[in-house]
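See the structures that follow.
Next, two complexes with subunit A in common: one pairs it with subunit B, the other with subunit C.
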Partner chain A sequence: MYRRCKHCNAVNLKDSLHCKRCGGELKYTNNLSLAFGIAGLFFYIPANIYPILISKKLAKVYSSTIIDGIFALWSEGDYPIAIIVFLASVLIPLIKFLIIFYLLYSIKFKKCEFYKFKVSLYSFISVSGHWSLLDVFVVVVLTGIVSFKMMSVLPGSGALYFLIMVILTILSVKYLDLRELGEKCAKSKES
Partner chain B sequence: MEDIVICSKCETPQKRVKLKKGERAICYYCGSELYKYIPRLREKILVSSLSGFLMMLLGLIFPILQFNIGGMSKDFNLIDTIKFLIENGYLVVGVFTLFSVVLFPLIFFFLVIKLNFLADKKALEIITHLQEWMAFDIFVVGILVAMIKIFSYGEIMFSVGFVGFIGAFIALFFLTSIVKVEYYWELYYKNV
Partner chain C sequence: MQRAKRVKKGINFIIWSIPVVAIVVSLWLIYKYYSSLGPLIEIRFENAGGIEPKVSQVKFRDVKVGVVSDVKILKKGVAVYVRMNSEMKDYLNDTTKFWIVKPTIEAGRVSGLEALISGPYIQMSAEPLGFTKTKFQGLEEPPIKDIKDVLVIKLVANNSYGLTERMPVYYKQIEVGSVRRVSLKDNKVYIYLAIDKKYSIYVNDTSKFWNLRGVDVSFNKDNLKVELPSLSSLIVGGIAFDTLQFSAPLTKSEFRLYASRSDAYQNRLGRDKFRDVVFIVKNNQNGKLRVGNPIVFRNFKVGEITYLKSKFDINTNSIITTAYAKVDESAFRVSLEDAIKRGLVAQIKTTFPILGGIGIYLSFDKPYKVEYFGKYLVIPVKKGFVENRIVAKLSEILDKLKNLPLDKTISDVSSFINNLKNSMGSFFATTTKTLNTANKTLKGINDLSSTIDGMLKKEINQTIDNLNSTLLTLQKLANSYSKDSKTYQRLNILIENLNRTIKVYRKIGKQIDNKPNSLVVGD
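So, the complex of A and B:
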């Protein structure tokens, strides 16, 4: 009977195409979410293989991937920061892809079991999504701070792939519409 | 439909009830928060948006940090860094940082200030869609992580801009996490 606008939470009639309040689209966009999710997964590989950071010291050039950076932090004894960077840059993006595909599978095949757990998973990927940008911004800040004639830090190609991957996963989560599953499960609850 | 609210977690429609001070409405099905009563919300939004906007300008104009190493010194300024990235071929990273850390938060603060004096549906629409593309809070955490990474190599000193960034961070946290997007619509849409 009613459908919530996922942008402004206004209550609309189910047949409406656009939200009466903010004008946002009310139709489900899960196919788009799948497309962005798959594209993002492709960029996950080069983001972790190519160097995210290039440091120049006198005539020597050093490059390090995300994993190298985590090992460096760990070996210097910065365990909490190493764990944060590992979670934000390696583990969470991977878990996010798994959750996105699991939720899309559940929506497509109307899997209503563990619905509350699926809602929690959706909340997790919505909140944590932007935090994967942390590594890109650390590189940006280091580029700004360590910029001397004899020594400098620059973003590597991995930073670009990583940024594109994060943008694609943010888009995938944005278009992932759990309302479709919610409405299907509400129907099955009533019947 | 004005007296109906749909839970954003489980999509269960339920009747909206009027809240008193300190109360919050909970979904009867899944138990998640539907909405809450925030006293003097309009004043809090105005104060946070005004101070956030000014603090952010402070953070952009003045250097955030100063890094000293082996007799050399370098001021870290965000605008200069973005300019450097764009000029040196890191266009995507530079432009994304410019929009997500500088322009979108500034536009957000400006529009929230504007709503207090001139309610505008277009401004509400922009605020609604802008929130998901702001990454100012992550950038502030990024500064802290970068500081820890270079801590052992030289001396780091906080500058005026850092205070501005922290102030803007707190204001933005209140305006985006405590005040949910539907509160802006409920507060200002009737004035349009």
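So, the complex of A and C:
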């Protein structure tokens, strides 16, 4: 059996510790993924309690968190948009954390049940990862467009924490190495 | 190998420092967020007055100290939930008051302009006495006592005279404060004034307050005086006061608000402790009684008729009028019951001939019994109607005089005076003749008067005396005209000026008739 080097993609023998081409370590490690996952999870809380958008109309200052925005959209009857924002900004990040930790748990303890399902979960989080930046994108666009004397939109501190959270989850997914689980499960199937 | 291990350890340290830093930062952020959250308080108002959740602020000394988080409609009124800043905790106690500030535009002034742009906000006032309450009852109007640096004066009046909040208060035509509240309680109008602290030394027990709006016309024996307030105060209204003694102490808790300046400084007998009484009048002059007719005690007005009710009695063929009136009890120094026991009695008489009406005159006579009509005290009324014939005649003459074209007369007088100097000589001679004749006539009248009843005679005598003195004055005047032409010229100029002024006033009068708003808006 062979093992692909994650640095230079050279194919090495499974048992070798270092890559024959670049000398990089061949051992699987998911520590970085776990570290980013935990860090991201903790930024999820300030991202939701701090306002992400501060709009100024004349002398009125209106600062809204993500949840406030969703409620505002819902109460104004924009149900589809409210649902999309809720999914993209609240639910999907949360589901992603759950998936990341579930996969890491599976790798650590060699849980081989629903292996194919786990693979599809992995592809889901690696594809959907950057879609969570939708909120940040909206804030940035609004800040750029709505900037008048009478009315302006400013990003709140929540937007920054949200951005950090999304970047950390993307990194976490990037460093999540599902091959270890596959190898282990293949091994258990063989034996 | 060892080196690699060390490197690996270093990498591991870096890896695990990421979540540690993230945890520390996010925990700190969470702590910061929750520590800045003050208590959530509930304020109840009758209506929310445009307060919006998440937008409207709570201000304390013009600093934002909280944000409205929610507004809920209750069965009665609304509940406004406010997230206060945590440093305001100590200010939430029994001394805390909340009220909604809205922009208001009233005659002459605009207030709460900032609320016009930022929307209404909740104003708060409190003392830092610790955190004890989270539920508050909001005030519908700003509290009076909480305004700093003002002296609050309470005025009592029978009428609000159209005064409203924020109308100015003047002292010697300088704006020194404003009306804070006008309220109606126990059928009396209470007006609260806020006088600036720096002017509060001018208010003391000798101060008198009066309503500014309205033209002050005082008519008395000496002169006719028309006092017009400044145009702005005529439009805006307000209250003025004056103080007799500058250094007197301030001990009064409430002052009376007079209708006008002349009302404030009228020579009055009592202290306006009015009491409702009833006069039951039975004579044929009842129909002349009017609401508002005065009740007079030795030339002092001590009250007025407030309500009249008449019925015809077929049996006695007379009309019985029940006149409800308010009489100043303090004018007699004793209670009205005691006054009746000592002989207080009323009589219907003709009042001042010019006014043409009749009034109720009080006097002391023999003791009477105290009676009540319902809950009203009955003041006994002497039978009969005293109609002074000379007074009646005089009033007729005055009526005619009233109908005379005055300005024409004045111009006539002016031309007459122009001719006066020339014809002074002959006029003087005629005057002497006339005087002689008048003297003779007077003698005749004197003889005649002895035959008329005593009272009439007295009156006539008085009138004759007056006539005599008037004639003497006329004579003196005539002498002075002929002797000193300067006075005469001055009089001439004065009359001309008067003529011109009257013409101007007539023009203004016409203008106002045609376009009443032209005075304010301009043509």
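Worth a mention:
Throughout what follows, the second predicted complex is superposed on the first by the 166 of 191 C-alpha atoms of A that agree within 3 Å, B and C clash if a C-alpha of one lies under 4 Å from a C-alpha of the other, contacts with A are read in each partner's own complex, and residues count from 1 in each chain.
Simple rule for what comes next: a residue touches a chain if its C-beta (ideal position, glycine included) is under 8 Å from a C-beta of that chain, and two chains touch if they have at least 3 such contacts.
Everything numeric here is computed off the predicted structure, so don't read it as measured data.
Shared-chain residue A:107: touches no atom of subunit B or subunit C.
Once chain A of one complex is fitted onto chain A of the other, the partner contacts of A:183 are limited to subunit B, with no touch recorded for subunit C. Touch counts on subunit A: comparing subunit C and subunit B, the chain ahead is B.
In the superposed model, A:1 lies in contact with subunit B only, and not with subunit C. In the overlay built on the shared chain, the residue A:125 is in contact with neither subunit B nor subunit C.
Judged by the touch definition given at the top, the superposed model places A:10 against subunit B, while subunit C stays out of reach. Interface residues of subunit B, counted against subunit A in their complex, comprise 1, 4-6, 8-13, 30, 65, 67, 69, 72, 74, 76-78, 80-81, 84-85, 88, 90, 92-93, 96-97, 100-101, 124-125, 128-129, 132, 135, 138-139, 141-143, 145-146, 148-150, 152, 180-182, 185, 189. On the side of subunit C, the complex with subunit A involves touching residues 12, 15-16, 18-19, 21-23, 25-27, 29-30, 33, 54-55, 114, 117-119. Residues 31-32, 34-40, 42-43, 45-46, 49-50, 58-64, 68, 161, 168 of subunit A touch subunit C in their complex. Listing the residues of subunit A that touch subunit B in their complex gives 1-4, 6-13, 21-24, 73, 76, 78, 81, 84-85, 115-116, 119, 123, 130-131, 133-134, 136-148, 150-151, 154-155, 159-160, 163-164, 167, 170, 174, 179, 182-183, 186.
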